[in-house]
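Each of the next two complexes has chain A plus one other chain: chain B in the first, chain C in the second.
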Partner chain A sequence: MKFSISREALLRPLTLVAGVVERRQTLPVLSNVLIEVQDTQLSLTGTDLEVELIGRAEPSQVDEPGSATVPARKLMDICKSLPEQSEITFALEDGRAVLRAGRSRFTLSTLPVAEFPNIEDGQGTQELSLPRGTLKHLIDATAFAMAQQDVRYYLNGMLLELGRNLVRTVATDGHRLAVCSRSADIDIEPAQKLIVPRKGVLELVRLLDGSDELVGLTLGANHLRARTGEFTFTSKLVDGKFPDYERVVPKGGDKVFIAERAELRQVLSRTSILSNEKYRGVRLNLEEGNLRVMANNPEQEEAEENVSLDYSGDTLEIGFNVGYLIDVLGALDEDRVQMTLSDSNSSAIMEEPGGGDALYVVMPMRL
Partner chain B sequence: MRKILHADCDCFYAAVEMRDDPRLRDIPLAIGGSAEHRGVIATCNYPARAYGVHSAMPTAHALRLCPELTLLPADFARYRAVSERIQAIFHELTPLVEPLSLDEAFLDVSAVTRFKGSATWMASWLKEEAHKRTGITISVGAAPSKFLAKIASDWDKPDGLQVITPDNVDAFILALPVTKLHGVGPATATKLAAMGIVSCAHLRQWPMKALLERFGKFGQRLYELARGIDERPVRVERERKSVSAENTFHRDLPGLAACHAELPTLIERLSQRLERHGNPPIKGVFVKVRFNDFTLTTLEGPGHQAEPNRFHTLLDEAWARGSRPVRLLGVGVRLVSVDASQQLTLFDDAT
Partner chain C sequence: MDMIPLPWQQSHWERLTRLQDEGQLPHALLLSGAQGAGTQVLADALVARTLCRAPTSTACGQCHSCQMLTAGYHPDLLRVSPAEKSRQIRIDPIRNVNAFVAQTAQQGGYRVIVLQPAEAMNVAASNALLKSLEEPGERTLFILLADIPSRMLATIRSRCQHWALAVPAPEECLSWLREALDEGADAMFWLRVAGGLPLLARELAGAESRVLRQELQELFDALVRGSEPVAEAARLDRQAVEGILWYGIAWLEDLIRLGLSGDTTQVRNPDLLPLYRQAVKNARVRDWFRLLDYAREQRRLLVAGGNPNPQLVLEAWLVRWSALLRS
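Moving on, here comes the complex of A and B:
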């Protein structure tokens, strides 16, 4: 195998593919990236057995087609640190990978291509496509609420629901829930519900831009595949039953207020400085025309902020993990936010005034 | 510069007994378990100490040193009541009180403006009030850090008051034997002595790297203590993580059946303790077994209540690990962290 490519053409796909490669590996070959060259196509593959990413690039010259696996992070670090616009020549010599650029030469170890695993294709059952911007928006609006290393393994991921003219994402860690739906030109009958693992979600969204260009999706029994021009992304799916999100969306909240989103976010961020560092509780006091936000910590330090609001209902005192509220305010993009509450033990709804495509449910804390 | 007080009641359990029965005042007295039950001394008064008796010593050994020793069983309900009144005095001075046990606490008085901010005056006020209101004498140490305050309170016990001002911290530490440092027990002391380190002045001559090599992470602590560095804050919250009850049997339990027979008593004691703590939410249960060869095994499982059957099942499995006579049995529960339990959840346990 021998080819040449510009640093810039190699770096973008290499960076994304190396992102999939875990730092700690059980199989040595999993810290490598698979490089394959045919005709005028170069492809790079990284995998952790759960998520696989193939990135494509155009070499400037192919002398000899072939394939090899080399350490992903080292290759990336070398390419990053070469001068801009370097022309890189990559050749396999006596089982070692030799990379040359200008007066630099690096010799990297390789592992047999045959050892490099690929995620089983399985049966692709359904094909569809969505605007990249739609999928990106759905993930951005909900991904923060995914659980991390929860024993309820199905929460360590995102529910992707595809139906007739509708696509929806749902994420929850058991304390808060985020759901976002958008209409789309798809027709899946019956509706499909997949749980994409956390890492798959975070890697997938890195491949998406906000454009109207399409991303092709293949829904398999055990995997999801996404294709853009330059990338093919495959993630195994989580086998489990995601909680019914509709059941936890509270109904009958009678205390509704609308606040300036940026102002409320700043108020909460400032107040949080003096909340308990570990549990981050803040107290909200909703009164006529005013929202008072208070926090204190074990050192008996206190913060108090007041926000003027258009509110005339009953008063309410309720506690929240301030991080959960700030996360939602960061995910919404409307100037104002609407919050619906009922009592101090019941969940709150946060959304755009009048309801937008995203809806957030946050459980309170007892303070 | 911080101002930390360490207050320590002088032979607390014995002091309470002597207060309530003055006849005990001048005779050797110890509080602890009986020799027949392989008990140990919890506290003893100064006449007993003159015989070489000290806390944590097996009672049988103490009685050999001092055959006329008066031994009383501990009456924790009474000690706790006295302790609460003393703690209340601490809280009149500052809210920053970290209780270490019934008879010991750290106080951060850096921000106290009473007594013109003088830690020495505060310390003597604490001693006076404690004696006036409870009849118990306490020793108080005042210093810029926790470890120095603790050493100071021990300096001229009983009824002591020792102050280490920021100016004389250095002189004090240089003369300090390393055995006074918290965490330096007989084994470490021997190791240090072999290196020619007896006082903190010697210790200071060793670079961090050499201490890390020889003592691991504790090496860094030694390095810092020798320089008077101890930034540990006075922690008001001290979260209880578990509640347990255990017993060392005066005769080894020969087999599994005998162990099962002892379990109900322990479970009863455990549930009394839980009740005293207001029956906090539980996230797990465990059984602890020490065999007659002194090997220790603990077996733990999930659970939301101190259910007797759970302990019996765990005991079966734990006992099987040693399958030999048992010296000590314990049962306990792990508690849900208080603050974490305050976050309400979206789904009930079924989902």
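Moving on, here comes the complex of A and C:
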């Protein structure tokens, strides 16, 4: 294998791919990146066995196609520290990779390509494409609610539901739930539901920009694969059944108020300072035209805030984990937020006034 | 890693592969058999064939999966064994198993979990495994290897299909053993010493084990002549306490066989007959049984994760022997 490429062309995909490769690897080959060169295309593959990322670049010259695996982080550090606009020549000599740039020369160890656990193509059952912005919005709106290392392993990820003209993401950790759906130009019958693991979701969203360009998705029994021009991202799936989230959304809430989102968020953040550090409970007192937010901690310190809002109805006192409320207010992007409550033991719905594409359910806590 | 089963496992292998090809293979297999019968080889061959992309009667050895396995690692294979210096499988590795089966296979095929030895799981670990073992997702295969399955919790055993591998017939494994041994070694003799277990025979015929056996043989001769057992115990390698107990138990069993029947063809170590004859004269069968019970208890303690002082075990063991050899 022999090719040359400009530093900038190599560095961009290499940084992305090396980000997937974990530093502490039990298996040596996993700290390597797989380099494959064909006629006019260079691809770099990194994996941590849960997610795989293939980055592509265009070499300026290919003398001999081939493949090799070299230590990812070292290769990246070398490329980063070379002067800008350097032309890097990469060659495989006697089982070692030799990098030349200007008057520098680096020799890197390699490991057999056959040992590299890359995922082969052609295991997908269904193909579709979505605007990148749509997918990014769906993930951003719900990702915060994913569980982390929960024993209910199916919660440690995000449900991706694809149906006729509809994409939906759902995440929950058992205390709060986030659902976001958007229409899209797809037609999948019967609707597909897959759970993407937490790590896969967080890595995928890093690769998406808000543009209207398309990202191609391949749904398989074992993998979700996302493809754009420069990268191919593959994640394993969670092998389980996601809970029936529709039953969690409370019906018949009669106490509806609308508040300024930014103001409410600031009020809650301030109050949270004096809430119990472990349980983070705050008490919400809803009265006509006013919401009183109160918190106290074991040291008997107290915070009280009042927000005026648009509400006329019965009074209600209800407790919440303030972190959950702040998360939701941070995820919404409308200026105002609508909250629907029924009683102090029922969960609350938060959404854009009149209902937007995202819906959040937060369970109350007993104070 | 072995990809081909041993010659005497052919009938088991054919049944396993037929079940696999028909999609009838259970999701949890418990393979049991005495150590040295080659259960591990059978398990490895099955693992390789399960993960292989283009399996024939065995794994192909050529595809990406087989190459990764040959290199020593496969992303969809999880092996669980006791941590170094420990004889138990604790709960943490079992939690890893649960996380492993919660996600789909990286290569898109089967996920295989090999627990060896399965009876090394402690109670907490066993209980943590139950849920995954009972109902894993699709295309998951648990292989539990156990020497003595009765040591496992009944709840674990009942979740597995149990395949017991018997001691193979000598004619089935002699040709294999002849090839495995060095030139000039007497395969029949070593197979007899190993009680018919070919892999154990190969190990016993190895240079290191031969030295230990020779050493012990001399030691016992010395005991018969009346030497001091504590002094003799000090000369033994403390690391080999399990091997020493194993030889002692095998010889005791021989002694009892000989003492009860007088039939020398049933004796596994024919070269030790002079020692046996001397010993049989000196003590009653009941005493030998008592010593056997003691030795087995010691071995059980060792296997169960107890941490006895090896020097003390050896001394106590040899003192008892010498008392019987001289009485």
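Points worth noting:
FYI, the second predicted complex is superposed on the first by the 340 of 367 C-alpha atoms of A that agree within 3 Å, B and C clash if a C-alpha of one lies under 4 Å from a C-alpha of the other, contacts with A are read in each partner's own complex, and residues count from 1 in each chain.
The definition used in the following text is that contacts are C-beta pairs under 8 Å (C-beta built on N, C-alpha and C of every residue); 3 or more make two chains touch, one makes a residue touch a chain.
All figures in this text were calculated on a predicted structure; none of them were measured in a lab.
Of the two partner chains placed by the overlay, only chain C lies in contact with A:Pro112; chain B stays clear of it.
In the superposed model, A:Tyr153 makes contact with chain C only, not with chain B.
Of the two partner chains placed around the shared chain by superposition, chain C is the only one that A:Leu49 touches, whereas chain B remains out of contact. In the superposed model, A:Asp239 makes contact with chain C only, not with chain B.
When the two structures are aligned on the shared chain, A:Ile186 is found in touch with neither chain B nor chain C. Of the two partner chains, chain C is the only one that A:Glu120 touches; chain B does not reach it. By the document's definition of touching, of the two partners only chain B reaches A:Gly281; chain C does not. On chain A, the surface touched by chain B in one complex and the surface touched by chain C in the other have no residue in common.
Residues of chain C touching chain A in their complex: 64, 67-68, 71, 73-75, 98-99, 101-108, 137-138. Of all residues in chain B, only 95-96, 235-237, 339-340, 342-347, 351 touch chain A in the complex they form.
Residues of chain A that touch chain C in their complex: 27, 29, 49-50, 112, 114-115, 117, 119-120, 123, 153-154, 156, 197, 220-223, 236-240. Chain A contributes residues 172, 174-177, 243, 248, 276, 278-279, 281, 298-300, 319, 321, 345, 347, 361, 363-367 to its touches with chain B in the complex.
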